[in-house]
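Each structure below is given as structure tokens.
In the two assemblies presented below, chain A is common to both, partnered first by chain B and then by chain C.
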Partner chain A sequence: MTKILLRYLNLLVLTLLVVIVFSFTLGYLFPGDVYTNLTGLESKAEALRYLKVDSDAGFFSLFIAYFSNTLVGQWGVSSITGEPLFSEVLLSLPATLELGFYALLLAVVVGLPCGFFAGLKPQRSLDMSILGASAVMYSFPVFWLAMVFILIFSLNLEWLPMSGRVDLLLNVPTVSGFIFVDILLADNIDKGHAFVDALKHLALPTLSVSIITMATLIRAVRRSTLDVMRKPYIIAAQSRGLSSAQIFLKHGMRNALLPILPIMAMQVTTLITNVMIVESLFSWPGMGHWLLQAIYQQDYPAIRTGLLAVAGAVIVLTIIIEVLSRLVDPSREKFDRVAV
Partner chain B sequence: MALLDIKNLTLEIDTDNGWIKALDKANLSVREGEIQALVGESGSGKSLIVRAISGGLPPQMRLTADRMTWRGANLLAMNAEQRREIMRRDIAVVYQDPLASLDPSVTLGEQLEESVPYEFVGKGWFWEKQKERKRIAIELVHKVGIKDHAGVMSAYPHQIASDIGQKFMIAMALVSQPALLIADDPTRGMEATTKVQILKLFKRLNQTKRLSILFVGHDLLAISSMSDSMTVLYCGQTVESGPIKQLQKRPLHPYTKALLDSAPSFRADLPPKSPLVTLPGTIPTLQHLPIGCRLGPRCHRAQKTCVQTPAVRKIHDHFYSCHYPLHTNNS
Partner chain C sequence: MSRFNLYQDEFHPSPWRQTWREFKRSHVAMAGVVVLAIFAFIAFFGPLISPYDPTLQNTDALLVPPSWDASGTVRYVMGTDALGRDLFSRLIHGAQVTFGTSVMLVLIAMLVGVAIGVMAGMSNGTRASVINHLLDALMVIPTLLLAIIIVAILGTGLVNSMWAITLALIPHFVHHTRNTVRELMNKEYILAARLDGASKTHIFVHSLLPNMIEMLVVQWTIALSVAILDITALGFLNLGAQGSTIELGAILADSVNVVYIAPWNIALPGLTIFAMVFAVNVVGDGLRAALNRRLRH
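== the complex of A and B ==
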């Protein structure tokens, strides 16, 4: 087991190294001066001091300097605002992860039971309606759906707010970047009111992000349940006189879920992409919103850092889910190689 | 009284070519305390009979029978709950492919312990019950001839050899102390010594516990050494059934004779290097079933009347369905 974990760690470190190399080459590929692109500082002397290299440093020693700077969180400054990029990322990445997490949670909480119900009684009206609904959900483009939600629930019905994470008048100080944690940590505010307000802000973005993941999940779980319930060991369990509930809970569910985890690992990329699209529509102060602003303003150091951070987050999440799926699936042999 | 009594069991399968009778008026009865063998070629519907008895047929299969009773109670009229109760207490099934019949994500020990009926466990706290379950499970595993109980019970199905899996399936079947054990080809792919062990175990259980066994298979030598009676199935039709001694000595149906003749072990008079007698042709596919007696096109005694399904006739407790049986003078 330790060996497998070490292998995954090795994979994680190497993949992150490749991402850092890529972000370093972006410094050469973007228009403008390499040193400026890597640090965000206008004057070459300042940039050299920031990177701690001489002016005659070659490609390789420049990379070593950039690499060690990246590791200690010296990611350069924004060429527009002059703020350190690392702290800006630290402010906006939690918002993205938070939205992604709640969307995934909603998709799992709704998607798994729906998929199970559909898969256990195939070709019945319940199955057909769930399948039909998931097909409809799957065909919505995220950006269009988010705009329709804004139009209906924010503008016409005025039920839910259309931008931000929490009412600005509440003045929640940022500590961790996760809004609910921050509300709990904050003093001098009406926590109950803030909580409800944050939930209201969260509702529409979460719903619009999670719908596609939910639809994918429903279809995958239904298919997998259908396959598993036909397996000889389910028939054998029936002939041992176990009740349908026992069969499903003890033998069906677990085996149906095993192939779902790798699918979830693949869905993380789609999910983060959708989160970033939805963020800019709801002015959610996350990575997507921030990265889009950076692109508009041609803030090359910020674009480079944003890519680095998002790619890193996606890789870490994917590998975590991979490890989880490896841990729960006994039929995957110990000597299997790891891969993402 | 017969323990399990099935008369005119017809099982139809919905295919692209319409409904096909995979089992056509099959008869089978297992008496209390006997070992009954169900013999037939591959594809003759042996496993389908097993599926029909154990219930839970897929929706594309339709089952009808004149009579299908368990200790006099009509199995067809029962609801799912009563049927389940019988499968849990009285009938146990060992399926053909042991490793596919075990849940791949649960250890073997857990699967075996789960099958222990709660009335065997006694009263006590749940950890005491758990301990008792474990004790019963280990005892059973030893009984079927697995020595390394700790290793096997903590293993997952993909980690064990298939003959161990087969023995383990038998242990799982015996855990509820059933009255009838249906063993679907339980010795397939086993080496000779293991096979003998299993057959001896069956025989012992039959003698000491009066366990009735429905032994499904095509190993005629094993069957003739342990069974009391035999039912021969051809292409979904039961052609002949009766006490095994009588069937061996004086088979009435041409198919039974061909089947017995094809096994050299039964032919003491067989000279060396002489060709074995076989029926011409092969067993027909389900899409091209002959009408009437399904053996018709392959039978050397077939005549015009054979396009009608022969009725079941009997001489004492020897049943056969043939218009022109062997050893009679009406042909």
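== the complex of A and C ==
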């Protein structure tokens, strides 16, 4: 086990290193001056002071300086606002993770039971309708779905708000960046009202993001339930006289869930992409919204930082899920190549 | 003269023919093939069937509803947009660009991905591990972010967004190719070929490729649906097709401002994208099911 954990640690460090090297080369690839791209500072002297290097520093020593700055959170400043990029990322990354987390939660809560029902009675009408629904859900363009939701629920029915995370009049101070935690921490506001308001703001973006993940999950769970229920140990359990509920709860469900975690690990990138697209439609103040503003305003240092933050978050999340799946599933090959 | 028959069947269908026979049994999948054929026809002959020039602005007919609406006119079958352009013609041209470019870029991604995947799968040691780590790093960058970076370097445009999506799809093919090659390399017939002194190229062309091709076709359909969704998403966010290039996502982006007064401008392009992706997915599923059934026989 220690060996596997070490291999994952190695993978984590190496992949993060590759991402940092990639973000460093972006400084050369983006239009404009390298020092400006790496720090966001206009004048070369200030940029050199920020990186703590001499003006005659070569490619390699510049990278070392950039690397150590990146590790301590000195990610440069935005060339538009002049704010430190690290703190801007700290403000918007939690919003993205929050939306992604709730979408994943909704997908799991709806997707698992649907997948089980479909997989237990294959080729019946229930299975066919669930499978058909998941195929339809899987084919929606996420931005179009979000727009249709806005049109129906926000513009025509006026049930739900169409932008932001919480009513601005509530004036919730940002502490952690996660809206519900912030509401709990805030003083002198009506917490119940704020909770309901935040939930209302959350409903449409979460629904639009989770539809695709839900469809993937339903299909994966159905497939693996089908496979598991054909295994010899299920027949053995049947011959011992267990009821079908017992068989499913004791033997079927747990074994069917094992292959799901690695599939979820593969889905993290798709999920984050969809979150970033939906954010821009709902003006959700997350990484996607922030990065799109950065590209429209040609704020190159911000894009470099966005790469560091988003890719870093995806790597960490994927590896956490992978390690979890190794922990719950000892049957996976010990020397199976570890991969993101 | 009667011939001696050892087997009941005179004719043994090839694997492809068997798959096609299994595939035909699913009516839904066949319907998907028909829809895809229509889109392919549009991609080749679209400009011939579109009734108007998609950029022609008719200021006398702004936001005309579709013909099935009470106030619609049959001159504009699917209505017009805020600049008086015929939506039907725009959809045909948009579908042509979206579908055509998606097919092209998935083909490119597959060629590159299979080449790298075979190299990674057949080699081991340092070379394989370097390739793997680089690809892992590429795989954790979301498509949208990759597109933003490429747009920042090269500027906006349909071709640049195509590069971004191709780059994002390559690891997907590499991953599956590498796993399949790893699996196949342990088979006895590969060992036999190697003992006979076959070169790596020979093994790849004669032993690996015929066994991989079905997996590749299925992966191709999956990648195609991802590519269509991504290319329209980038077009919608103004990172892809610009201005005169008509693309389904860009049509949607043009219509955002009139969503409330002219919802058909949002509904119809969206449904076109949906039909395209749905048909690709249905065909892919049917293909996968047919392959599974054939292998079980």
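What we mean here is this: the second predicted complex is superposed on the first by the 335 of 340 C-alpha atoms of A that agree within 3 Å, B and C clash if a C-alpha of one lies under 4 Å from a C-alpha of the other, contacts with A are read in each partner's own complex, and residues count from 1 in each chain.
By definition in this document, a contact is a pair of C-beta atoms (placed from the backbone, for glycine too) under 8 Å apart; a residue touches a chain by one contact, two chains touch by 3 or more.
These figures come from a predicted structure and were not determined experimentally.
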>> Following the superposition defined at the top, how do chain B and chain C come out on chain A, clash or fit?
In response: fit
>> With both complexes overlaid on chain A, does A:Gln238 touch chain B (first), chain C (second), both or neither?
In response: first
> With the two structures laid over each other on chain A, which partner does A:Leu11 touch: chain B (first), chain C (second), both, or neither?
Replying inline: second
> Does chain B (first) or chain C (second) touch A:Leu151, or do both, or does neither?
Replying inline: second
> Should A:Ser139 be classified as contacting the first partner (chain B), the second (chain C), both, or neither?
Replying inline: second
> Once the shared chain is lined up, is A:Leu85 touching chain B (first), chain C (second), both, or neither of them?
Replying inline: neither
> A:Thr273 contacts which: chain B (first), chain C (second), both, neither?
Replying inline: second
>> According to the stated criteria, A:Ile315 is in contact with first (chain B), second (chain C), both, or neither; which is it?
In response: second
> Among the partners chain B and chain C, which is in contact with a greater number of residues of chain A?
Replying inline: C
> If you take every C-alpha pair with one atom in chain B and one in chain C, what is the shortest distance in Å after superposing?
Replying inline: 10
> Which chain A residues contact chain B in one complex and chain C in the other?
Replying inline: none
> In their shared complex, at which residues does chain A touch chain B?
Replying inline: 230-233, 235-243, 250-251, 254-255, 258, 329-331
> How about chain A: which of its residues touch chain C in the complex?
Replying inline: 11, 14-15, 18-19, 22, 26, 29-31, 135-136, 138-144, 147-148, 150-151, 155, 269-270, 272-273, 276-277, 280, 288, 291-292, 294-296, 298, 300, 303, 306-307, 310-311, 314-315, 318, 337, 339-340
> Can you name the residues of chain C that touch chain A in the complex?
Replying inline: 132-134, 136-137, 139-145, 148-149, 151-153, 225, 229, 232-233, 236-239, 249, 252, 256, 259-260, 263, 266-267, 269-270, 273-274, 277-278, 281-282, 285
> In the complex of these two chains, what residues of chain B are touching chain A?
Replying inline: 51, 54-56, 58, 84-89, 91-93, 95, 97, 100-107, 114-115, 156, 158, 169, 172, 176
